[in-house]
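We just call them A, B, C, D, E and F in the order they show up, numbering each chain from 1.
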Amino acid sequence: MFHHSGKLQYEVRVENPNPQFACHLQQAIGGIEGEIRVAMQYFFQAMGARGDAKYRDLLMMTATEELSHIEFLGHAVALNLDGAPTSLQEKAAGDPVVNAIMGGMNPRHILSSGLSAMPVNANGVPFDMSHVYASGNIGADMLANAMAEASGRVLATRLYNLTDDAGMKDMLSFLIARDTMHQQQWLAVIEELGGLEKQLPIPNSTPPEHEATEHSYYFLNTSLDEPTPKGRWSSGPSLDGRSKFSVVEKPEPLGQKPSLGKARPDVGAQKEQS
Amino acid sequence: MFHHSGKLQYEVRVENPNPQFACHLQQAIGGIEGEIRVAMQYFFQAMGARGDAKYRDLLMMTATEELSHIEFLGHAVALNLDGAPTSLQEKAAGDPVVNAIMGGMNPRHILSSGLSAMPVNANGVPFDMSHVYASGNIGADMLANAMAEASGRVLATRLYNLTDDAGMKDMLSFLIARDTMHQQQWLAVIEELGGLEKQLPIPNSTPPEHEATEHSYYFLNTSLDEPTPKGRWSSGPSLDGRSKFSVVEKPEPLGQKPSLGKARPDVGAQKEQS
Amino acid sequence: MFHHSGKLQYEVRVENPNPQFACHLQQAIGGIEGEIRVAMQYFFQAMGARGDAKYRDLLMMTATEELSHIEFLGHAVALNLDGAPTSLQEKAAGDPVVNAIMGGMNPRHILSSGLSAMPVNANGVPFDMSHVYASGNIGADMLANAMAEASGRVLATRLYNLTDDAGMKDMLSFLIARDTMHQQQWLAVIEELGGLEKQLPIPNSTPPEHEATEHSYYFLNTSLDEPTPKGRWSSGPSLDGRSKFSVVEKPEPLGQKPSLGKARPDVGAQKEQS
Amino acid sequence: MFHHSGKLQYEVRVENPNPQFACHLQQAIGGIEGEIRVAMQYFFQAMGARGDAKYRDLLMMTATEELSHIEFLGHAVALNLDGAPTSLQEKAAGDPVVNAIMGGMNPRHILSSGLSAMPVNANGVPFDMSHVYASGNIGADMLANAMAEASGRVLATRLYNLTDDAGMKDMLSFLIARDTMHQQQWLAVIEELGGLEKQLPIPNSTPPEHEATEHSYYFLNTSLDEPTPKGRWSSGPSLDGRSKFSVVEKPEPLGQKPSLGKARPDVGAQKEQS
Amino acid sequence: MFHHSGKLQYEVRVENPNPQFACHLQQAIGGIEGEIRVAMQYFFQAMGARGDAKYRDLLMMTATEELSHIEFLGHAVALNLDGAPTSLQEKAAGDPVVNAIMGGMNPRHILSSGLSAMPVNANGVPFDMSHVYASGNIGADMLANAMAEASGRVLATRLYNLTDDAGMKDMLSFLIARDTMHQQQWLAVIEELGGLEKQLPIPNSTPPEHEATEHSYYFLNTSLDEPTPKGRWSSGPSLDGRSKFSVVEKPEPLGQKPSLGKARPDVGAQKEQS
Amino acid sequence: MFHHSGKLQYEVRVENPNPQFACHLQQAIGGIEGEIRVAMQYFFQAMGARGDAKYRDLLMMTATEELSHIEFLGHAVALNLDGAPTSLQEKAAGDPVVNAIMGGMNPRHILSSGLSAMPVNANGVPFDMSHVYASGNIGADMLANAMAEASGRVLATRLYNLTDDAGMKDMLSFLIARDTMHQQQWLAVIEELGGLEKQLPIPNSTPPEHEATEHSYYFLNTSLDEPTPKGRWSSGPSLDGRSKFSVVEKPEPLGQKPSLGKARPDVGAQKEQS
């Protein structure tokens, strides 16, 4: 069950409100790299968690923290919209500065939300929940979470660079810090479960006889004219410790030429197809 | 530039066509765990790759392989739709077997595609390209790719369990194998770049002074009544080797109580708000 | 800031797990009538609330409750998926009961989530955040909220009728009750602000001179052959107390025949259009 | 059956074409507050109407009017795009005014529609029909309609403020007026059916024994540190006249700690989960 | 401006209500091959029509007819839902017939619409307006319209085959007939404008000097091992009468090996990329 | 099976990088008129092709070419983003030129992709695969393909006009040329199959007795006050050679007044509806 306290998890100050930066910040709320996604992803993973219960708790506690991130980011968006032009009475006709603001901001911050945050990204596209990855497999889920936090920290870094507002930089430095922790905590679960060697391939419960293992450890160079890129993946032991990496160059098809024959007479094809 | 050869990458046999399994297989084509996603994800990552060119090639070569996976899966869907009921002339009214097939299959396999594959998932929801993660950061992208392949192999394993068709099991055992390789090849890039210690936190180029590092290494227990789950993430050195993990229990808010004050008179609020 | 406690807001019991009912329950999680929607809607309204701060608190407290509803519903979905068929080893080939279950359940509960809840509706369509209505106008928002709870209670009633599981009926009777309260609490805000007469038309801050009031109080009968439906809307005082309702039958167009003339030569039209 | 006449329902004049305002106007066509939504919502409600037939007619007649609103708004968008820059031959390189226009307008008004209206919102996101609320319950539907018209009138008011074109202001004053009527006509249906006391809780046909009425009339203060906001919803008779409002502060969970136990061996989890 | 009359454009009879067929019929309302799409497509094309005004009228008149098609199809869906099982009181537990109906029908016809039509397709996916093709080019638009009607008539034919209800067959035979006319009326516009030779390539207003015409008339065989399929497209005069078709086999790339170099230090890449 | 070679199909030069044009170019990648759509459309049509195998090959070969178009367009986007402002260190505060660039470019080119192409359109909306039209009917599919190429060439023409970069104009002149060929090659298939007279109506396999042919050849003037637009569609032989076109003016409804009666007591309607 959830509870709430009245103050924000972190302080939000905006020294120079900037409606265009409000638009940018939306990516951290409603973008695929944003906080709605991680909050919901950890929440749904927790609800489906099976096995050692401590991972369920880990997920739910961090989901709860991410909800608090949405909250202070939402406040930051609203503060950045302070003073945005909403009527022509406020501005000289054709003022280039006002025009630039209007052009660069999200018009729906005026038209739809009345100068506050929305669950959309920096293009105004609403977040959709298909981005909540929760597979029931703890290995796949931990990678999904580490990846979400990696893209989140990349985003926070880019936002940090885009703004010159000291308050916003301070808030973003907190987000960058928390994303540091969250990246590592999910990968730490994999370490605790024995590390990659024991966890790979995911799912590690697939019986070997369900896998055509002769195809499991070669890199396929599908290029007609480029040499195989050599590296950790092209030779040496596989990461799961079960085999060795190798390379197949200029692969030949292993299958047939596909053919579906004629169309049945009653399926709405043209007569010429049957 | 792309080229094509006439045969499939792997042989597709269907011994007992099953329209319901055709619906399930769609998840491997147009689901978020499926082949369109990885083909496009590696393709867009390759197009944006900066730094050592060999990673660009690695991405493009595997993108090309994934296109071939779409192709043989698409053929498998069509073969499973062979003999599906499309008109009432074919069946006795009220035949429970036919009814069950009709209920469990995707009706658009009859109505929209004329008994062939579609770029949709097992619910008939079209794939949308927001799932193509390509950030310009090789660390984030490699995690995204490993995760995509992990969820792909989880899916292939589940499909393997769902079918009892020997041909389908054979094809899926090949997919399971290739997903094994692909998981590891992306994580091998991280190993080659120095492993997690050097790559974390992602992006590793964020200047430390942009980060509130006092918040970077503690786990936040946001629960009112549950003990902190202890593990690799709650104590000991951080995975990036820069600090130590710790725990903050029952955290207090660090920020203010948010307030936006009154509504401006011209923004379409109710009078009572201003 | 959000917090969590380890137990569910309400007890969840499932006596006879039913994978098809799990699919139905998803509508209450990820449907437009569901709990993700109201949780996020009240949360975003709270973050944008201007005017008397108590409405902000009212919204945030109820948003927090709705998060707890997602949580127990998610548990109910997982419990209903207990024992769902995931491999052919478990069932006799062609067993009609198993086939019916497979046909009626969401295949992604097996393929994607591994037998747990997803943020999707009963068709498997992911929730998208465009359904979060938060306009910055407290009157519009309270109507949006009352409507959301009305559709939520309609849904809960229909789910109650569909199941014969005593545990599920008990849980749904709790949801029905809370939706009763929530419908009324949002409409009570309107009452407290003076009731419809004072709040209408929304926004009540639009200056009368911005409105062509000669068109504000007539019902337009656009039918060629049907009589005007008579009722509270066709005569008598308007609900805002400012005017009287009337009727316009067989209205004539007030505007021009639209014409855009020729296409400019450089806009990619056909030559014949310019 | 529908019919059409050649002139617009209301006159459209644009004195100073403004491609950026064309982009804003799109919200009134393809936004969630816009005319496609209400036209389709009333149309689908009418098609599903059960009970007294006059409500069906009321809905269909207004659906028909809303189609006419799309039509004149579409014309207004096209007229505002008159003279938009579509080729570099028309402008001096780097002209800041032209750049500002290009930046603020919807590029697809040039690239995709050839200078005419599209069924998209002010961010260029296409309208999707999930926003058509038609539940089969007249109470829920009337609230949905009143809400749609409230948000529509908020939007029209904001558009009115954003433009300084006399023709556009005239057209918008008509829209504001019609939204006034439409808000009230839907709420008038509720009044006619006995008002809120008789209609609440929606659906009013749910048998009381299906509801855990001990949970139906209290406000839940889920905050750890904020006092309960007091008002019409926290004490006094409920709006449905059946009970009294009360408050529960610092609620305790009523349910169990959720647990799903171990993963089954064949569902694609990691071995460590089973 | 639109008007409405009270009767349906065509009579709707359902002799044996079939909730599963109601689900199938939705494809004709809210599918990409359905009536909402064509109604809105012709409407938006009409609003953007430039050049000879008679094409605008042609489009608007047919848009109006398509609205009437939505209307009678919507009624057909509701009639097919008559008697659908909505509560367990109505059925014996485990009745296979009832289970099959429940499995094959759209659960949201019970849960969301209360047994009436929705603006969704046969998978329950809502129609989205991105499928409204209206380019401002009459040639492209006429092809888009002919294609929409072709796919519509394919769909109606498949629905006709799927049902054995005489009333539904009668209604669908009317739809098939109208789609016959509509296919031809749009292609007739192309004929009237001089036929393909004059209209191709679309847009026919592109100045020849904007086109690398040396690449305009050859078929590119991108296969490594399949012979060029020979036909009307591989030799002989081009359809626009300006050139001759030819074939290029085993094409060589004409461009460079792409390279983006190093990442800039401040864009959130990994250090190893710069 | 697919293969790749290292160079681009066509050379990409950008003389003056323009981040706003990068945003425009995205329409040619991820727009409905763009290359992902045609690549995937031809690919899925090929996978479902029935009848003469040469059409399958034709489709697959061109699908392969379109993948190469995505590739060089993606490179063009990245080159146009060269030098885009990503941090405030790079620019003088308030520089109007920089502000204009920021306003007109896609912010996600900075925030999400790190200065490279994305699978989105010019509004930043991700491509979704519902636009892949593949019906199993070769006539419908060829029209869909010709239409896609027509809208593609309209788009390329508009992009050509918008840019003044010689390199971009050169690349676009190649795209315009290939779209010329592709339009014609798909229509050439129809010609080869006997032309419109033999192919219409699509599907030409619908038995005449399934069609209410008395409604198949008249144009319906649904306007109350506009004369019937006269042309090739209103008189003379039908394009399929089977009948003659005629006109029906001021059509009367042929159907009944729809009525669904009362709501059943258990479906969650209001009491007043039953």
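Assume a residue touches a chain if its C-beta (ideal position, glycine included) is under 8 Å from a C-beta of that chain, and two chains touch if they have at least 3 such contacts.
Predicted, not measured: the structure shown is a model, and the values here were computed from it.
Common neighbours of chain B and chain C under the contact definition above: A, D, E, F.
Ranking every chain by how far its Cα centroid lies from the centroid of chain E, the top place goes to A. By residue number, over half of the contacts seen at D-F repeat in one listed pair from D-E, B-C or A-C, namely B-C. At the interface between chain C and chain E, under half of the residue numbers involved are used by both copies, so each side presents largely different positions.
Annotation: 28 Å between the Cα-based centres of chain A and chain D.
Averaged C-alpha coordinates give centres for chain C and chain F that are 32 Å from one another. Distance from the chain A centre to the chain B centre is 11 Å, each centre being the mean of its Cα atoms.
Residue positions 1-9, 32-33, 47-48, 50, 57, 60-61, 64-65, 68, 71, 75, 78, 86-87, 89, 96, 100, 103-104, 110, 112, 114-116, 120, 123-126, 128, 130, 135-137, 139, 154-155, 157-158, 161, 202-203, 205-206, 222-224, 226, 251, 253, 255, 258, 260, 263, 266-269 of chain B each touch two or more of the other chains.
Put simply, chain A touches chain C in their complex at residues 1-9, 30, 36, 40, 43-44, 47-48, 50, 57, 60-61, 63-65, 67-68, 70-71, 74-75, 78, 112-120, 126-130, 132, 134-137. Interface residues of chain A, counted against chain B in their complex, comprise 3, 5-12, 32-33, 54-55, 57-58, 60-62, 64-65, 68, 71-72, 75, 78-79, 86-87, 89, 110, 114-116, 125, 128, 130-131, 133, 135-137, 139-140, 143-144, 146-147, 150-151, 153-154, 157, 160, 169-170, 172-174, 176-181, 183-185, 187-189, 191-192, 196, 200-203, 205-206, 210-224, 226, 229-233, 238-240, 245, 251, 253-258, 260, 263-264, 266-269.
Interface of chain B with chain D (complex): residues 154-155, 157-158, 161, 224, 266-268. Here chain B touches chain C in the complex through residues 20, 23-24, 27, 31-33, 96-97, 100, 103-104, 121-125, 154-155, 158-159, 161-164, 222-226, 251, 253, 255, 258-263, 265, 267-274, going by the rule given at the top. The touching residues of chain A, counted against chain D in their complex, run 1-6, 47-53, 56, 86-89, 93-94, 96, 99-100, 102-104, 106-108, 110-112, 114, 120, 123-126, 135-139, 193-194, 199, 202-206.
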